[in-house]
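Multiple structures follow.
Two complexes come next, and they have one chain in common, subunit A, joined by subunit B in the first and subunit C in the second.
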Partner chain A sequence: MNAWTGKVIRVNLTSGTITKEPLDMKAARAFIGARGLAAKMLFDEVDPNIDALSPENKLFFAAGPLTGTFAPNVGRYDVVCKSPLTGAIAASNSGGSFGPELKYAGYDMVIFEGKAPTPVYLWIKNDQVELRDASAIWGKEVPETTDMLRAETDEDAKVACIGPAGERLSLIASVMNEMGRAAGRSGVGAVMGSKNLKGIAVVGTGAVTVGNKEAFDLAAKDASAKIKAHPVGGAGLKAFGTDVLVNILNSVGSLPTRNFNDGYFPTADKTGGEALAANNLLRPRGCHSCIIECGRATKVTNPKFAGEGEGPEYESAWGFGADCGIDNLDAIIKANYLCNDLGLDTISTATTIACAMDLYENGIITLKDTGGIPLNFGNAEVMVEMVKLMGYRQGFGDKMADGSYRLADAYGHPEYSMSCKKQEMPAYDPRGVQGIGLHYATSNRGGCHVRGYTIAVEVLGNPVKMDQHTIDGKPELVITFQNLTAALDSTGACLFATFGIGGDELAALLSGATGIQYTTADFMEAGDRIWNLERMWNLTAGLSSNDDVLPERLLKEPIKSGASKGEVSRLNEMLPVYYTLRGWDGNGVPLPEKLQSLGLA
Partner chain B sequence: MSKVLMIHPERCTGCNTCVLACAYTREGEARPSASRVHVYNWEREQFSVPMMCQQCDDAPCVAVCPTGAMHRADGTIVVEYDVAKCIRCRMCVQACPFGNATYDMVTNKILKCDTCAGAPECVAACPNQALEFVDATVATRSRKKSFAKKFKEAFQEVG
Partner chain C sequence: MRIKYFAYLRDVTRVAEEHYITTAATAGALLDELCRRYGPPFAKWVLKPDGSLSEIAIILVNGRDIRDGVWAETPIAPGDDICIFPPVAGG
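So, the complex of A and B:
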């Protein structure tokens, strides 16, 4: 066995039973690993109609075949389950060293079933796997939890855990690993909390082997050279982090501002990657085997928002920044630190605050609702305070802790939630960039950019440039990116590797590592297969084409200022074309022949 | 001229690429525990320090080795390890004040940096120049200079 370790840990939390199973190699070959393979197992094992926070839900921590190998930028793992936020399939992926360590311990995946009667954590040291009492750790924030788990296990253990938000079943709670890395989206932290599972500590001293060393070495060298030679992958992200996008998106009029009331924020430059590098950056950081180094070690000395830690990424800087009408970078960074400590998804947390500000400014909620807190756009102190209240579900934070849709809906105005499938959209305005809107509407996990990052082509010109405002060719573009990313995620590679490499190089890496030949076409087809499997699961869960929508604001209210002034999303023109090209019927249901061709019938 | 491995922790991103490069090129597999360089992370401060053999002039591992397996060839600054002479007593592991000699159960030998015979793989792989292989005489020059510059600025401000 190469690349895959071939072993899976299954933990029944209800009974406390731990078993080890061989990996289903037929499924692994077709669904690769991580996101894809865990989705396949969720599909086979979990009824899509269960309550996501019930013991019937299962929680997969899954690495990919490339995770832990000596290829560049392959340090990732996915957390997969039914999402309590969207009701759809959740797969949140994270970097750091947790995924590789799990592989070195000898496992591709850990599956949690049921619900522990009292708080527990899982301790994995190579062959030794045990559930331990976490009663004394329950209630602690992420950094302290990490320290305590290490003190009880091994000082170098890699730790993934939840914070207070996950314990309180916040539907936007994340799973954090190594304090600053997040499997952030879709409320996977709440599922962990619902199972009374506080964390996982892992130490591995074994190897990840490759099947065809000569081919793998060539592929790894080629990938590394191409990433290093790319202006974004090789230099840009290291210098300025992903936050460099603030000024780029603002310049093309697609930086959502004040809860998507506009697409341009005049003082956005105060919150961009350049300002971050000049004022707060200590040094770049990288996940396991990373040669891009987009991570930001930062520090804030302003006593009001003082702290030290990881971040922000572009999405977080935008969410707590432009989307809340805030240009105070110190406050933005502080809010990011708090999310890491509390175990909250930065995107959904920030945009839920932006939604609350919108509701407040429009008189839908008042000081009476907020407990006297003036939730105006631009109020940096209040923004930071709300993060704390959300993490602990205190005061008005309790209502906000389940995301913007449930907040806005509770006051009779769900249209104020800038979400798709109840998950908040990130930092690219679909009115100014047409393809990304189609992606948001069709993404299998709701509002999300990293499942089909058409921004690369529509804004950054990587690997080619298409006009951001046209809808011509966008359904094709979205499908290609969605399929490529589904396959890429499933290998354990980082999406940012695509700033340098694509399907050809990833297929070569996967072939060399596993010793099984994947052509580029095989690789892309695996992505298509994964996408359709996720779709089928969602349809069974009760989602339909009625959920492939964008908030009305983006379809009807044009961007008011900046370079994309006057634009609205033309989703409804693109969606039928997308369905047809996908091989789906007019209601977005995959046709039998499509499923057959992918081996899903 | 003799060269030494210089560590620049302030540049280290904690990516472990050096660790993988060492294990993979020397032992043929991605197994961090087989690496001769290890990176320690302080997550709160987001700070990382790579550690490997310092090639001590007065090397305790050499002094304590009963068979001469751990030795310094004449005229070089690298402490070399001769696996054929090693009896696995692991006295070198005990003696190294830095913990930079380790015993590997998988391969049944001592792991200790030997600078890959003058072309260290970790240095070649580091994406951020946190590891450098430089002439011993100039190894500390840039660091001294950068501190000297800070002094200069401080004195200029006072003056």
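So, the complex of A and C:
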């Protein structure tokens, strides 16, 4: 067996039984691994209509065939399940070293079923796999949990766990690994909490073998050289992190501001990557086999927000910054640290606070609702306090802990939630960047940027430039990016490797590693297959074209200031074209011939 | 006009923005002028080795990316806001 280890651990938490199964190699070849293969198994094993927080949901921790190899930037794994936030399929992707360590222990995937009667964690050391009591660890925040699990198992163990937010079934809870890396989106941490599963600790001393050593070596060297030679992958991300985008998006008028009430934040520069590098950066940090190092090890000395940890990346700096009308970078960083410690998704947490501020400023919620907390835009101290209250579901934080849609809906105004499929949108205003709006609306996991990052082309001009304000060619662009990313995620590679390499290089890496020939067309078709499988699962779960929408604000209220002033999203012009190009009918349902061509019929 | 500099460029210009008076009539001519003023440490981020404009540097005139139009030939005027980013990205 090459690239894949060929083994899966299945844990029935209800009965406490642990079994080891061979990997379905036919499925692995077609769906690659990680996101794609776990989605295929979820499709086969889990009824899409179950309650996501019931024991019937299953939770997959899945690495890809490239995960743990010496190719550049291949340290990732996916957490896959039914999302309690969206009702759609969830696949949250994280870096660090947890995924590679799982491979070195000899496994491609761990599947959790059922619900443990009392808190447990899973301890994996090569062939030895056991469930252990986690009663003494339950209630602890992520750093303490990680330290306790390492103390009980092995000081070199790689730990993935939930914090208080996941234990309290917050629908925006993340799974954290190695303290600062997050499988953040779609509430996967709540599913883990619903199963009384506090964490996984893993140590592996094996290796990942490759099928064609010479071809893999050449492909890895080629990919490394191209990433290093690229100005972005080779130097830019390391120097400034992803937060350097704050000034770019603000300058083109597409930095969502005050809960998407505007697209321009006059003092955004105080929160950008330049300010972060000048004032708070201790050192850049990379994941397993990373040659980019976009991660930020940072420190805040301001006593009001003091701390040391990881982050923020762009989405978090924007969410706790411009979207809340806040330009205090120390407060933004502190909010990011708290999310890491409590196990909360930074994007959904920040934008839920922004939504609450919008509701408050418009008189829909009052001091009586908030317990006396003035939730004005721009109030940095309150913003930080709300993160704590959300993580522990205390006071008004309890109502906010299930995300912006449920918060706004509870007060009769769901239109204040800046979300798609009830998951909060990230840091690019669809009124100023047309293609990303089409992606948000059609993303299989709801509001999300990383499954179709058209910003690379529409704003950054990488590898080519398209005008951000036009809709011409955008459906085609969105589909290409969605398919490419579905395949890339499934290998275990990092999205940022695409600042240097593309489908050709990824197909070459996959071919060398597995020993199975994947052309670039095969690779892209696998992405198309995965996208359509996820779509079919969502349709069976009850989602429809009625869910391929953006908040009305983005369709009707033009951006008020900045370079994109006057723009609205033209989603409704692009969506029918997208469906047709996808091979779907007018209701967004894949046509039989499309499914047949992908082997999904 | 007002010129704003970002990321590495601030290390060279020592200012985040400046008011600038020029006779340059196009974005390309302005970039040539700035490259002469700030020298190779500036030029390496916005020009390719052959001296033409980098395809992945982001240059905005009043918030509009010059690559979406006539690029180096984009006309500029005294009241314009110019933003210059070296090749950087995120996600």
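Methods note: the second predicted complex is superposed on the first by the 601 of 601 C-alpha atoms of A that agree within 3 Å, B and C clash if a C-alpha of one lies under 4 Å from a C-alpha of the other, contacts with A are read in each partner's own complex, and residues count from 1 in each chain.
One rule holds in what follows: contacts are C-beta pairs under 8 Å (C-beta built on N, C-alpha and C of every residue); 3 or more make two chains touch, one makes a residue touch a chain.
Keep in mind that this is a model prediction, so the values were computed, not measured.
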{"item": "When subunit B and subunit C are modelled together on subunit A, clash or fit", "value": "fit"}
{"item": "Touching partner for A:G562 - first (subunit B), second (subunit C), both, neither", "value": "second"}
{"item": "Touched partner set for A:G273, first subunit B, second subunit C, both or neither", "value": "second"}
{"item": "First, second, both or neither for A:S289, with subunit B first and subunit C second", "value": "first"}
{"item": "First (subunit B), second (subunit C), both or neither touched by A:E308", "value": "first"}
{"item": "Which superposed partner A:N462 touches (first subunit B, second subunit C, both, neither)", "value": "second"}
{"item": "Arrangement angle, subunit B at one end, subunit C at the other, subunit A at the vertex (C-alpha, nearest 10°)", "value": "80"}
{"item": "Contacts of A:T454 with subunit B and subunit C, given as first, second, both or neither", "value": "neither"}
{"item": "Partner chain(s) touched by A:A297 [first = subunit B, second = subunit C, both, neither]", "value": "first"}
{"item": "Per-pair minimum CA distance [subunit C against subunit B, superposed on A] in Å", "value": "18"}
{"item": "Touching residues (chain side subunit B, partner subunit A) in the complex", "value": "10-11, 13-17, 20-21, 23-24, 28-34, 40-41, 43-47, 127-128"}
{"item": "Subunit C residues within the subunit A interface of the complex", "value": "4, 6-8, 10, 16, 45, 55-56, 58, 60, 62-65, 67-68, 83, 85-91"}
{"item": "Interfacial residue positions of subunit A with respect to subunit B in the complex", "value": "68-70, 72, 97, 104, 143, 146, 156, 178-180, 205-210, 213, 228, 238, 282-293, 295, 297-298, 308-310"}
{"item": "Contacting residues of subunit A [partner subunit C, same complex]", "value": "231-232, 236-237, 239-245, 247-248, 251-253, 269, 272-274, 294, 313-314, 449-450, 453, 455-456, 459-462, 465-469, 495-496, 499, 562-564"}
